[in-house]
């Protein structure tokens, strides 16, 4: 699982900053289209635990299938503490993937959160479990009315982005991003410094500084920032 | 109109549970894509009173048409107390079907609520009337800029679902569902028991029970639940 | 810039009423599809200051481009106090056009607000600046990951509506509308009276009046309204 | 039904010219988004005979429903010779409204053609019947898998346009348009002259004339055209 | 693989008839939204060989990845003669999954055809290979510009339908359908009879028979058909 | 304008190959979503001449506006021989940007072709002019019913891609691509060799070669290709 110091570092970095750092590394596709915060929540960070759905077929997607060994129930029992579950629901918004019962169990297992390009059901119940959730909304129907669950810890797409088991997930008020496993260290190192610099820029703007030359910084600004930083 | 005991029973049943019960009866299309709660509201239940719009045509959809005998105004005067108005706006999101004046009149007539796959206008005013509304959002323009009203109490589509006069409508935080008239009794009978069972499951999960075998229940779980239920 | 008395008059007129007045003048396209209020805010009114983006191309849309003389930074320094910035982001929802730093600078320059058919980034930071914003949501990625900025004060499209420099913009809880420059006087004159009439109608409805004959008003209603108005 | 001389006149007028004539009369919504010619066909003209579908519901939309008295079969038996059937399928593209059998019967009844914002099924069979069809494509599934037929000769929407029984329909290579009943005479009178003028303009362009001043014509061009016309 | 007699039987059955037979068995989701015939072709029938893509990520989806052991090239070498390759491209239409080279190899391996909810590239070259293809169109860019290939013979979604290895695929002018493995025998048995009956109905319509009572058949019609069938 | 030898070289290179070459240079966005060939045509190559539309507004987009000095007519008179006109119609498919008259004039001016993410009107007439056109389809209504023309030779977006005056445009059966001005030489140099190699690969596949190791080529394949090439 993601090392605790990496988790701690990434908790300080906004998803906005992460996408900027990744862009400089050549990664343009990291933010998922669809998942929005279900409720106000602090930023979550964790290793991706993937879930995969395909469309429903009436002979497969039945309430009875919930008892199958390849069910979402079985997948939840495999989730390690601290993981972020990421569910590929193919953007289907007409069937809720999870409701209060499954979310309550995930909280019990100390899962860090749930991210999906699909939707939840039983909004009130899900909020009651306090599981941090990023989804594309809510719908009443059960997952089987639109989706068939087929497996976990496989490569998936979520919101137009590839997610592999082992990647890191960060989600906050702007949505959810994936950090490719090989780049997690870089982001954890570069992100906090970028946050510090941007906070300094905001303070400068509030003092009345103009943007050109300030952000992005020219050499004079860069020097001034470094001086201020040394001063603390 | 829907008998008071059915209304009372259905008020205890979430739209999520209703879709699950209907699915077991072979009805997969009952939840409307589009209508979201306009404000926090308790669950509403009522018989469907349908409204039908077609696209605007400049020679027909004019502010003058609001005075026509086949107008939304006339339709509102036909709505019985306790009905849920369901408006087929063909998913048009660029013209608000109703604003504060029409909603205020619906409140006066004791209409239970309004559900539409279109949008409202004058969000602040509509909230002020306290009419429970489920819609696909808000827009400034009047209905005539995008829609022509053509009649009421006809079969309609709303959010991808067929609604017939006489069907029952239930709406809550997850959205709005239609119960075919012939299935209302079944849902009113089976729904509350399903709610009771799911509440028991949540409590079990909070005690630390695993999901497989619990939900859906195997025979042991089923027996344990029945025993607990007898005990009260 | 928009004369202060026009600004004051339009602040009394809802976007709903503006679209109705414009419809009577033959203008059906004035409300922008996409921009929603970012936070609760009072109504804003100002002259349009347009910003134009085209899609990103990897050789052009880079963090380095932020320092170019044709940058959003340079555009902000040209915005007059009281203007409403309107950004044509072609409805792209996968890259935030502005974050907290640029919004903070706009507040400093006394810009009245920002309207876009694209999205913002750094939702928390933007809220912190208190700039009134109407957008199609939020996304983490920087503008350059999806957009290239190409100029300001050109004719643009925003949310399916044409906006020209010199037009007036009004935005409130229902969204944002453009008033063609040549019609601003008319709207500022007719709008407040329409608001007064509709408030009177709501009061009548609350007293129990039926809608047919009341709204739209027949001659008797019109006379009664005029009498009440004279009485004050 | 549409008088034979009006049919004859409109057969000379392209749908493009009709939309231009209607635009000058204030009608901007006349062309249907969705219907494309199924096969090459000459232009068709006829009075609209409307068909209305709502979404499927599993208890209603069954193969058995095809035998109901309110079926598409019954509707076809009501279609007068020369009519153009216009079917509101709400833009559903996953269930074919008609196949070869129903089209063959329409040909037998001398129906002029079929226009829909939905799709056909059994493309090869439909082509074999030689019924002129404008649709949004093809799909294998029967109508009942996505649609429920609810009636005929009611006001409908088709491709974003209102169609009323009694309106005229014209369809050609550019698609299908509705002419409001009250404007049919005007279009039949103004359309052919507009066609004649545009043919003359094309000939002028082929002789090397520049567009400014020619199209739209300035006074000199207008005079030159009138002279040529008199000369024959 | 699909037994030769089943293939032969299914070649006589249109995808339209298959969806009708499956609907009667309770399967409403069998037709894939997206795949259209690339060129005129006779009907194809074969066992599904599935291919799965997820979205591109710049660190994974590179021209170099084409040489990876988990590449589309390797998958093609696994395809048995007579199979129909079905590729889940998540409906992405901006990157072609296969071009002439890969199609040429599939022809060499006697693959029966290719079905995808994505698009092809190099339309002219693909046509030249004569591989029967059903896709959602064409695009110039290589798959890696939008897609990452992750595996074969897994459950997939294609055009809103679940496809499992072992299912049967049939594609013709109306598109492509999946027959669940457990229902292939039923469809192969019931389909040809349904085709025979519908051909008889068309002939009856051409003789002037009305539809009500004929299609769906009442008892008299049914008897008449059976008599004609006995007569041959 | 684009040098004749570059035009000649690019005429040998498919848009598919161009996107592959550009991808290797880091450009992932070059193919336009929307433009399809209007008729079979040979590949066209030329320098981009851009046209820009914004949405219609009823006070601006009128048949009278066609005579304005900032009209499409005036723009056409500025187009140099050999240019490819690229029109940003914002993907609007409900109003045709050009019909037969304007296309006929473009042919007269020796324009190489027209590419747009919008649609044409008067399909038959446009085909008659023999102007090579790539568009997103056809529609009857005139441009002014949905669009306002605002200028030419400005940066535009077309089909999700940025196009600048001076870029090169290539269009063929797979659609239309833009080559950034700075990369035209590279593509003209690398493209033909890539075409030659792929033709050799197809021939190898037809001889029975397997794909792994062949395409992309390993060292042995590369050597064999080079040997064959030397042999001619």
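Order of writing sets the labels: A, B, C, D, E and F. Residues in every chain begin at 1.
Keep this in mind: a contact is a pair of C-beta atoms (placed from the backbone, for glycine too) under 8 Å apart; a residue touches a chain by one contact, two chains touch by 3 or more.
Not measured: the values here are computed from a predicted model.
Peer 1: With one step meaning two chains touch, work out the least steps from chain B to chain E.
Peer 2: Step count on the best path from chain B to chain E: 2.
Peer 1: Which neighbours does chain A have in common with chain B?
Peer 2: Shared contacts of chain A and chain B: C.
Peer 1: Same or different, please, for the chain A to chain E contact, judged on whether over half of the interface numbers appear on both copies.
Peer 2: Chain A vs chain E: same; shared/all numbers exceeds half.
Peer 1: Rotating chain C so that its CA atoms sit on those of chain F: what angle is that, to a multiple of 5 degrees?
Peer 2: To map chain C onto chain F, rotate by about 180 degrees.
Peer 1: Taking CA centroids for every chain, report which one is farthest away from chain D.
Peer 2: When every chain centre is compared against chain D, the largest gap points to A.
Peer 1: Comparing centres built from CA atoms, which chain ends up most distant from chain B?
Peer 2: Relative to chain B, the chain whose C-alpha centre sits farthest away is F.
Peer 1: Averaged over CA atoms, how far is the centre of chain D from the centre of chain E? Could you give it in whole Å?
Peer 2: That gives a centre separation of 32 Å.
Peer 1: Quick one: report the Å distance separating chain B from chain F, using the average Cα coordinate of each chain.
Peer 2: Centre separation, chain B to chain F: 49 Å.
Peer 1: Chain D: which residues touch two or more other chains?
Peer 2: Those would be 28, 30, 58, 160.
Peer 1: Among the chains present, which pairs are found to touch?
Peer 2: Chains touch in the following pairs: A-B, A-C, A-E, B-C, B-D, C-F, D-E, D-F, E-F.
Peer 1: Along chain D, where are the residues that touch chain E in the complex?
Peer 2: Its residues touching chain E are 58, 63-64, 66-67, 71, 73-74, 76-77, 93-94, 96, 99-102, 104-105, 108, 121-125, 137-142, 144-145.
Peer 1: With touch defined as at the start, can you tell me which chain A residues reach chain C in the complex?
Peer 2: 14-16, 18-20, 23-24, 28, 30-31, 33, 36, 160, 172-175, 177, 198, 201-202, 205-206, 208, 210-212, 215-216, 218
Peer 1: Given the complex with chain B, which residues does chain D contribute to the contact?
Peer 2: Touch residues, chain D against chain B: 26-30, 54-61, 90, 148, 150-151, 154-157, 160-163, 180, 182-183.
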